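Labels run A, B, C and D following the written order; every chain starts at residue 1.
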Amino acid sequence: MSDIQQELRKTARELLESGEVGYIIGWGKGRFANQTHPIFVKDPAKVDELVWDDYCLSTLAKYTQDDKYPEKKIGICVRGCDSRAVNRLIQDHQLKREDVYLIGIPCSGKLDPETNEPAKKCVECAHRNPVVYDVLLGSPVEEVPQPERFKEVEELEAMTPDERYNYWADVYDKCIRCYACRNVCPACNCRECYTDQYRVGWQGKQNNRAENQIFGITRAYHVGDRCIECGECQRVCPMGLPLMKLNRKMLKDINNLFGAYEAGLDTETKPALGHYETNDVEEFM
Amino acid sequence: MKYSYYPGCSLSSTGLEYGLSTRYVAKKIGMELHEIPDWNCCGATAAHSMNHDLALALPARNLALVEKQGLGLEIAIPCAACYSRMKYAIQAARSSEKERQKIEEIIEMPYEAKNDAICLLEAFAREDAQAAVKEKIVKSLNGLKVASYYGCLLVRPAGVTQFDDNENPQSMDNLMTLIGAKPVNWAFKTECCGASHQVDAPKVARPLIYNILRNAKANGAEAIVTACPLCMMNLDMREFEFNKAKKEFDIPVYYFTELLGMAMGADPKELGMEKHFTPAVARIKEAFKRPPEEEKPIKKAKAKVEEVKEEEKPKEAIDNE
Amino acid sequence: MSRTGVFICHCGTNIAAVVDIAKVVEKAKSMPNVVYVEDNKYTCSEPGQQAIKDAIVKHKLDRIVIGSCSPRMHEPTFRKMLASTEINPYMLEIANLREQCSWVHTDREKATDKAIDLVRMAVAKVAKNHALFTSSIPVTKRALVVGGGIAGIQAALDIADAGYPVTLVEREPSLGGKMVMLDKTFPTMDCSACICTPKMVDAGQHPNITVMTSCEVEKVSGYIGNFEVTIRQKATYVDHSVCTGCGICELKCPSKVTSEFEQGMAQRRAIYKPFPQAVPAKPVIDAANCRKLNGKAKCGICQTQCPQGCINFEDEDKLITNTYGAIVIATGYELIDWKSIYGEYGGGQYPDVINGLQFERLVNASGPTEGHILRPSDGKEPKSVVIVKCVGSRDPNKGKGYCSRACCMYAAKHAHQVLEKIDNAQCYVFYIDVRTAGKAYEEFYTRTLEDGAIYVRGRVSKIYEEDGKLICKGEDTLSGQTVSVAADMVVLETAMVPAAGVEKVATLMTISRDNDNWLQEAHPKLRPVETHTAGVFLAGVCQGPKDIPDTVAQASASAAKVCGIFSKAELQTNPMISKVDIEKCSGCGDCAGICPYKAISMQDMEFIEHGKKITRRVSTVNSGLCQGCGACVAGCRPGAIDLLGFTNAQILEEVDALCL
Amino acid sequence: MSVDVEKKNVDPNWEPKILSFSCNWCTYAGADLAGLNRMKYPENVRVIRVPCSGRVNPQFVLRAFQKGSDGVLVCGCHPGDCHYVTGNYFTRRRFLLMQRFLEYNGIDPRRFQARWISGAEAGKFRDTVTKVSNDIKALGPNKKFQESWYKERGESNE
């Protein structure tokens, strides 16, 4: 692991000294060994703060949304999921490819700081190598096929409508509407989220079960055809809600109804709800 | 060129020479024909005019046996009637699940309509077979004018057979050009020969055959070639009958496999050719002795040459104007 | 605080019979923002409307809800009424108390509850209505007519006579289309050239019509009143401004080509006028067959022979772009390719089996045989002629399912011409039905029978050649016998199919086609010459098989529609269109992808954000193109784009009102 | 804390509240035609007119359930007949997904239906409304996604 870290620091120093990049978004250590968090390195001297270890979990692409009109390129370390996030932001016209310099790092999965077990999102990850990058550190790792991509969803589908309602009712009772899931998600890139809009009437602001359910379902419906399955929403949710089960349900239906689909692998394939086929499945005759 | 093979009843009775010549030619060009073990009669017109389920079950049993045989090959079927019945059975089983289950009940064997059926003519009309036949030709019919008669069941109903053009089929004509014969462009290729009605309604059926022979003669046919035992029997036997009353037609009738066999140097007896009503051997022997035709394309080429010369002529005229 | 007025209509007894009007009025009084409620026996009548106008003034109302019949019925009426008051016509909502309440329910109490709910929904919606104003778009008073057959010519003449400039585009080297190929026209048997060529000449010389032959429409954009059309002027290698049409070049040209105009029965030269009376009467060079242009030889005779020196071998296609206010499509038809479908009629191997247009050329005085009916094979006069009708028509499994309408009449005409021009000729007509649905059509058919044409009811099953005769085997269903006719020549009256290339024209104009590829009219009975694309009209057979009288009627109808548009200085646009809130729009472009009318385009705009000048991509709506369907609004996640008249807020209010 | 949501024994004279979004050019015209022919159907469907079924945002359906409607019906032109050419192709995709997603979150599939009804199919409109109304009557009132759940149990549950 350390030689990639060395290369990362060397590449970062070159990029910063050459002035090609304004700053670099990477991971840095917190106070404890299992704590890594995103950091922004501007000064070539400080590149040694950049680390690459088992706890680099958070996705970095969404931070580009805080600096939408950079003078210089932004350097970002991209693993498999980050690179797909970058593709998604480019496809949604929220990021220009020429505004970012992507340092690709093949990732063989990270550890969950609490349990020191491989993180759930990494176990389920189907694209460990970056799909887009300007430079690649280290050699690509072997991809792990994911036959049980929708297992959890199928388990829920097997329940009766009432059981499912009760399952989700318990989940939404815990939701505190902190919107962390929305803030971390690369697919959630609207300028003003529908939940923040005043008096349009989409949805109340109270934090009760009904409003939480409507928020959960609407958000899953909004990002359903754009979700890159990076698992961040579930990881960052303070209440530990199984949000990926919602997104994966949407993806399962999109795959069954409109053909095999994985978001963000390139910038051409259009999200499912953005277009149509005249011979789509017909159930409303 | 490997097929499961369903000979059918005619090929060991009235159409014996069709069976012999097929075996001969297939062996010559290396086409493997795996006869279906314990095959049964396909029911032909008798079955489908009396009972719908029986008409589908009889051919389906053979198809089920092919599946049990497990070679996973297409089934080559010489006789047009058997071919038509098999095609109906396959289409019925593939188009409705209910029909397939009823068939399975009657024949008490599993049947999933996996294999396809084609007529023997289609097997020979395919590129690989035509190439193989070309290599084995030793004698040419030297421009013998041959009218190919397809009859009805080989090409109709188009939805079921899906073979060649149902109004103007060419596959047998192409085979004939391979062995040096000159196919005649006539209009009765797919007209009905009256089939079994030659027996129960001669007054209506005989004119049908008479018209076919008359149109063949009118277009200069020196022989008629068929791919169905019933067409063969009707044309051959009734021509003999007409000629007995008044010598009018001199057009022997052959199976296409017989002509292929002869062109590969077979002895007429090996192919059972002496069994024909209208004497057939003489015409072939005479054709072999004919002077080989100059290559047709040369004649065409000459025509092209004249054309070009004519074009150049005005050019000089222009220059010196 | 808005002041809503609610007016409940009895509609005579239609609503009052089932719905308890008094109870609805009572309940309406307590609805939010409602300050005045009144019921009226006939709200749509003059006194009814006057009552509303008075109430508006008296109670200073600013929003109106009317509980009456379906909005599809009287919304326009009540909007016109409001236009004469100071309330904006779009501050109005209508509750459908008749078609969807009183007429369909019997239980008085439940129907009344439903009526109250419907009024409550309308009141809740109207609270969120905004004043909307129609905007006007300029109209370019120039028409484009695509297709130079009789339909295109007639439409162009009518529009030009009304004083508007017209561009008449025809892809062949001359106007005239199919009609100019015909010899006589039924039922009056007047000669087609005598009634078509004068119209062609009129179109050619009309000051308001610019005839553009050998041209095709390349690109169309824009909307009604402002179509931007690019036309490709194909290279003709002859400068028509200088050419006098003397024809010397046509005589000298060495290379002979089968003439498409003569249906392949005669030859023309590489430099040619399709037929003597062509408009414009000037030749063009067919590059594929000209020996100089296709590189076969160094010919160039026409250039040396031309007294005016108007041959230019370096001519190239030109693209001409212009704006048009309205477009009439008259692309016409062609005959079905029967040879590839009907093997039983010989599949084209017998030269004496010809189709209707070929017969027209034979019997035409300026045709290859100067009007004598002679067999294409040996030039002899056929003594017995068989005419076969419905070849390709009314034949769903081999040809087309529809009836081509005109062939019954021109088959009778052909029979009449055979019997008239060939002495003691025999003419058999095989038919399924004889359809003579037109003025003097039946009389024309009976006269053909009297001339001695033998009509055999049945289809021809097979045509084959034997001893020089064409044997037509068929059936006479009236006598139940099979019939066999030995004919010298057979004329097949084949089906009409849309002209090749009509798909391109249809997609350019964004109009749809029915499943036989005919262009789709807006409504078969009520709007036969209009299409769903405003400003694009249809004329003639491109919309479906028809004969010349109907074609000319449609041509004049579409011209009237065009003049209707041009009579106004400006066009009012539909105000209920999408509007973008550029503050909320993140420029993701989803809406642009959804819009079927390409009315939404993403544009970069200047903004000041955090004190810094930046340009950002936002969505903009073209008010002329947007038809107000709202598909984009439902596709916009933050709700940045909204549909005026059916905004998110309005619909959500309606949903809330129903359920509280 | 599971909630006994589906009271199986539904009292007979309970009237469901059903909301229907109908496209102006086809289904709304079909409904008017049903009226013209004096066809009869149950009273508990309220129609909201929209220009095109493509205008219906799936969030409206969520809102309807949340605000207390027992069933939602979205209707539009048959694909290919849409007055706005492609509106209903998007409707079809959106509601193929939303229908499954509602079911996944516990809403009984019969409570949400979508149907293509043309301007001439008055009979089909009446039959669809009657069928949906009877389905929902059998299912009983919908308590899911409802704010009213809190009113019954007082504010402390906020």
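The rule is simple: contacts are C-beta pairs under 8 Å (C-beta built on N, C-alpha and C of every residue); 3 or more make two chains touch, one makes a residue touch a chain.
Every value quoted in this text rests on a predicted model; they were computed, and no experiment measured them.
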item	value
Of A-C and A-D, pair with higher C-beta contact tally	A-D
By mean Cα position, the chain sitting nearest the middle	C
Chain whose Cα centroid lies at the greatest distance from that of subunit D	B
Whole-Å gap between the CA centroids of subunit C and subunit D	38
Subunit B and subunit C, separation of their C-alpha mean positions in angstrom	51
Shared interface positions of subunit B, touching two or more other chains	none
Where subunit C touches two or more other chains, by residue	594, 635, 648, 652, 656
Touching two or more other chains - residue numbers and ranges from subunit D	58, 63, 86, 90, 94
Those chain pairs that satisfy the touch definition	A-C, A-D, B-C, C-D
Subunit C residues within the subunit D interface of the complex	70-73, 96, 98-100, 103-107, 110-111, 113-114, 117-118, 121, 510, 512, 532, 576, 594, 596-597, 627-631, 633-635, 643, 646, 648, 651-652, 654-656, 658-660
In the complex, subunit C residues that touch subunit A	583-590, 593-594, 602, 609, 612, 614, 617, 635, 637-640, 648-649, 652-653, 656
Subunit A partner contacts - residues on subunit D that touch it in the complex	1-3, 5-6, 58-59, 62-63, 66, 78-80, 86, 89-90, 92-109, 114-116, 144-147, 149-150, 157-158
Subunit D residues touching subunit C - in the complex, by the definition given at the top	15, 17, 19, 24, 28-29, 31-32, 34-36, 38-41, 43-44, 46-52, 54-58, 60, 63-64, 67-69, 83-87, 90, 94, 126
Interface residues, subunit A side, partner subunit D - complex	153, 156-157, 161-162, 164-170, 173, 194, 201-204, 206-211, 213-214, 217-218, 220-221, 224, 249-250, 253-254, 257-258, 272-273, 276-278, 280-285
